[in-house]
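Which chain is which? They are A, B, C and D, in the order written, and residues in each are numbered from 1.
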Amino acid sequence: MFGTNEQQARWLRPLLDGEIRSAFSMTEPEVASSDATNIATRIERDGGDYVVTGRKWWSSGAMSPRCALAIVMGVTDPAADPYRRQSMILVPLAEPGVHVRRSTSVYGYADGPHGGHAEIDYDHVRVPATNLLGDEGSGFAIAQARLGPGRVHHCMRLIGMADRALDLMCRRVTDRVAFGGPLAAQGVIQEWIADAYIRLEQLRLLVLKTAWLMDTTDNRTARREIAAIKVAAPATAVWVIDRAIQAHGGAGISPDLPLASLWAHARTLQIADGPDEVHRRSIARDLLRSQQPAASGATR
Amino acid sequence: MFGTNEQQARWLRPLLDGEIRSAFSMTEPEVASSDATNIATRIERDGGDYVVTGRKWWSSGAMSPRCALAIVMGVTDPAADPYRRQSMILVPLAEPGVHVRRSTSVYGYADGPHGGHAEIDYDHVRVPATNLLGDEGSGFAIAQARLGPGRVHHCMRLIGMADRALDLMCRRVTDRVAFGGPLAAQGVIQEWIADAYIRLEQLRLLVLKTAWLMDTTDNRTARREIAAIKVAAPATAVWVIDRAIQAHGGAGISPDLPLASLWAHARTLQIADGPDEVHRRSIARDLLRSQQPAASGATR
Amino acid sequence: MFGTNEQQARWLRPLLDGEIRSAFSMTEPEVASSDATNIATRIERDGGDYVVTGRKWWSSGAMSPRCALAIVMGVTDPAADPYRRQSMILVPLAEPGVHVRRSTSVYGYADGPHGGHAEIDYDHVRVPATNLLGDEGSGFAIAQARLGPGRVHHCMRLIGMADRALDLMCRRVTDRVAFGGPLAAQGVIQEWIADAYIRLEQLRLLVLKTAWLMDTTDNRTARREIAAIKVAAPATAVWVIDRAIQAHGGAGISPDLPLASLWAHARTLQIADGPDEVHRRSIARDLLRSQQPAASGATR
Amino acid sequence: MFGTNEQQARWLRPLLDGEIRSAFSMTEPEVASSDATNIATRIERDGGDYVVTGRKWWSSGAMSPRCALAIVMGVTDPAADPYRRQSMILVPLAEPGVHVRRSTSVYGYADGPHGGHAEIDYDHVRVPATNLLGDEGSGFAIAQARLGPGRVHHCMRLIGMADRALDLMCRRVTDRVAFGGPLAAQGVIQEWIADAYIRLEQLRLLVLKTAWLMDTTDNRTARREIAAIKVAAPATAVWVIDRAIQAHGGAGISPDLPLASLWAHARTLQIADGPDEVHRRSIARDLLRSQQPAASGATR
């Protein structure tokens, strides 16, 4: 969407062909990245080049041996309006000064194959000025443009994760016997199953509505629904998977079943890609704004 | 659906014309009516008549001065299979032996105009055998047939109640100032508003899906969704209205705003028409049954 | 604690003898009284008198026919520091200009005997200057001094209310039969009972510790604990009573049992005497303040 | 408490001297061990020996290179009363037939140093009959006797874990800045801190009361309180640590801070040593039993 023809030929084509992988390098350990204006990595112009300096973590998928490229967010103009300070730039991981320090695990799990996400030092990494994505100062706008699709994708996966956990729970409680009958006969277990179904069905429909809105209108029109599923989907998945874990006893938290790992990844999504608190704040402000003049109802 | 032509001419026509109103008289103070097989009121054949004897409460709308008729559920054959013991019969409130004892209020509110629901003694009330609705022993089946539409109707009203509460909350927090700014600027209030929106949007879609399923298939096919919204809708409405009350302070629980009364009626629906626990149990059993053979997922 | 000898002889003696009752008149319908600096009622000096003008509600116990006196909080010096603007003054309800408008009910219940609390207009009510309680500007300080004891008293009553609800629940589920056994045999009901016990035992101990701290040190030293029980006690009581209501079905919300009324009064205490949000804020600020220098732990 | 002089000389002395460590080997992967009567490992008499056969997991601390001994629970008499079927026996890990298969990790973490707990196969392990702990059939009674002290110890550690998380949260939110101020100034964060304090103070007091009861009476008298803290302590710790994680963002789930690991271990204790559901059931039955005759209140 934002790459030049040259950038696309050089990077997008091999990405689409599955020859290489890329990382998105935005969050920083030293600042509260939930407020993107905090980002401190510098991207400084120096003749025909940019020089990138900063430390990032949770750079997505950067531990993969095939990961060849990072899209790095950083400050090009510290004096500009807060939402025009940032730019994105393409940084090949093979450049001198790029140091992949370690995998950033979540609850003891690598977040993805080959070690998942990474902490990366960019130590005066020099790339040609043509590596900038879009214009100087457009980093925030590019981030906004891609977040909607990324979020609905996370939510769809979370539904699949929760569905699987509910399915595993239903099987387990049918098989296991305690106190004279199958676990499935216990009222508390039945309550978990029913509530899991009730929550999942509601979530599934809101994710579908959001995807439909994005397909038929645009990400901006769907922003309130996107924020809503970004809060609701991890919360529901975390709850359903946790109940499935409890129904499994020790097996639920062991490496023999995917449940504990699914839980850790669902929980991570209450922080990644904007913590819940930021999305709730956006929804509330949006609702309060739309309500002010004549207050015709809770929804559009 | 179940009345004879004569029953319809005598009662349904004036009901549709708004000349009279009717009560549904099922729940009894002396037994746990959540298990309908507990119902103890007797409907005994005596020549060409039935004699009705028992005590009911929460007989819907029976306090209305226009209420002329009760549909009474009771046991016609105590020896039959539990689900074939009950019948429904038409009992004019003007018959000797019908004693409307009092309004059954909820949280200090009459549940409907003119005092709402009532506690009624049926003391050897004699009605012609032609007043029976359907066949002897069909009471449970008739109840099942009407519960789906009744429940989706409750849920639609609950959404309206919660929408109104959210709307009132948004207005209030915009107007009121505390600790140096409008309440709307406080993060905790924003969280309530966002969560209200997130929960309501999900609920709304599940109620719509359920209504669509009922319209395009039948109540039996939609039974899992009907049970789900019967649990989810009061829970969500109770939560949203409660937060709106809290945002209003004293005004929220005062008679000046509808919020406290809306809350009481929403809360009542976690008990009326089957308590939450019964619906959760049905959902869980239904899911566990459908899961057994090959377990293809959480939904049909 | 703050009255002159003359004030005590005239009012405190008949109060202690039970001949009259008094009302505390602070909260106002037009402002967010959770922030006491919002209070707008004026108490203006005019020669040897003060003239009181404003509207109050939730004036405690003012509907009682024996209520003879209101302690009114209002602004004596609008230009002073926010916490020195207010004073308290003694206003006999029989004075011209005092209009008790109505009972301010909570969820359909009068909050106390004889109609409970009241909305009162003070329309240029003239009282002698000697009716002022303490000095001009001391209203806020007097309020602070009495809030601790008032709050621990509320919490003790809430524990009694919740204990009674738990007791009623245990009896009911032992007697009532549904689905082939007593309700007490159902796992979901057992979970409510266990959680009610677990929460109540913890709450009881914190209230006891708080009372002990107040007795052995002073209200200021115990301020964090007082705020904690003011949040915890109504929340626990509301939860326990609500579960007891659910276990009773229709009877729980009917006027036949005290549960619905107990619930309404417990819920009211999440708003009255400072809403939960204000107390949480105080606790957090207090903890953050004490933590700053060397952060030796979560408690003192 | 149950070992003979010979057993104590051989094993207890080196344990107390820290020369060796021991494992407790009770839970089995193939059955719901929450119901201890399900345990299937066999301990069969054969001449002067017992032969132990079965598979255990979560054998505590068995991955330690210094772990020399397992106390194994198993069936000595399948025909006996369910609570007299089991015995405990001392099994040196060096015996032929003992196969330590792997570490049983929790949420990706080893549960203890050196890999923590283990899955162990006991394949016809032969030990002298004098290795039996107590009498044949006393396994259940021995387990009961040691569970109280074990549980209060877990709860004390959980309080320490939650205290540390609250302390870390308070520091973090004071340091980090987002949206124009420190996180500590945000109402939602303040609410987490206040609720953490409110919950922890209540829990701390109930754990202290329980320990005092155990010290001054006996484990049986304190059984209701022991069960209560076994439910309350992990739930509170899990909640407090989770909020501390959320306040830290990515750092909270990373290996740089102890929070994610603390959470995993706290969560594990909602399953280990009896899942919450079993303890809640015991509390409810105990309360209902004590209530029956005259129902004098919720507590003893």
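The rule we apply is simple: a residue touches a chain if its C-beta (ideal position, glycine included) is under 8 Å from a C-beta of that chain, and two chains touch if they have at least 3 such contacts.
Please read these numbers as outputs of a predicted model, since none were measured by experiment.
Asks: Give the label of the chain whose average Cα location is farthest from that of chain A.
Replies: C
Asks: Once you find the CA centre of chain A and the CA centre of chain D, what distance in Å lies between them?
Replies: 35
Asks: Using mean CA coordinates as chain centres, what's the gap between chain A and chain B in Å?
Replies: Going by mean C-alpha positions, chain A sits 42 Å from chain B.
Asks: Can you pull out the residues of chain D that are in contact with at least two other chains?
Replies: 186-189, 191, 277
Asks: So that we know how the chains sit together, what is the shape of their touch graph: line, ring, star, complete or other?
Replies: Looks like everything touches everything, fully connected.
Asks: Residues of chain A touching chain B in their complex?
Replies: 162-163, 166-167, 170-171, 173-174, 184, 187, 189-191, 193-198, 200-206, 209, 224-225, 227-228, 231-232, 277, 279-281, 283-285, 287-288, 291-292, 295, 297-299
Asks: Which residues, counting only chain C, touch chain A once they are in their complex?
Replies: Where chain C meets chain A, its residues are 186-189, 191.
Asks: Show which residues of chain A lie in contact with chain D when the two form their complex.
Replies: Spelled out, the residues of chain A in touch with chain D are 27, 29, 31-35, 38, 57-58, 104-109, 176-179, 183, 186, 188, 245-246, 249-256, 260-261, 263-264, 267-268, 270-272, 275-277.
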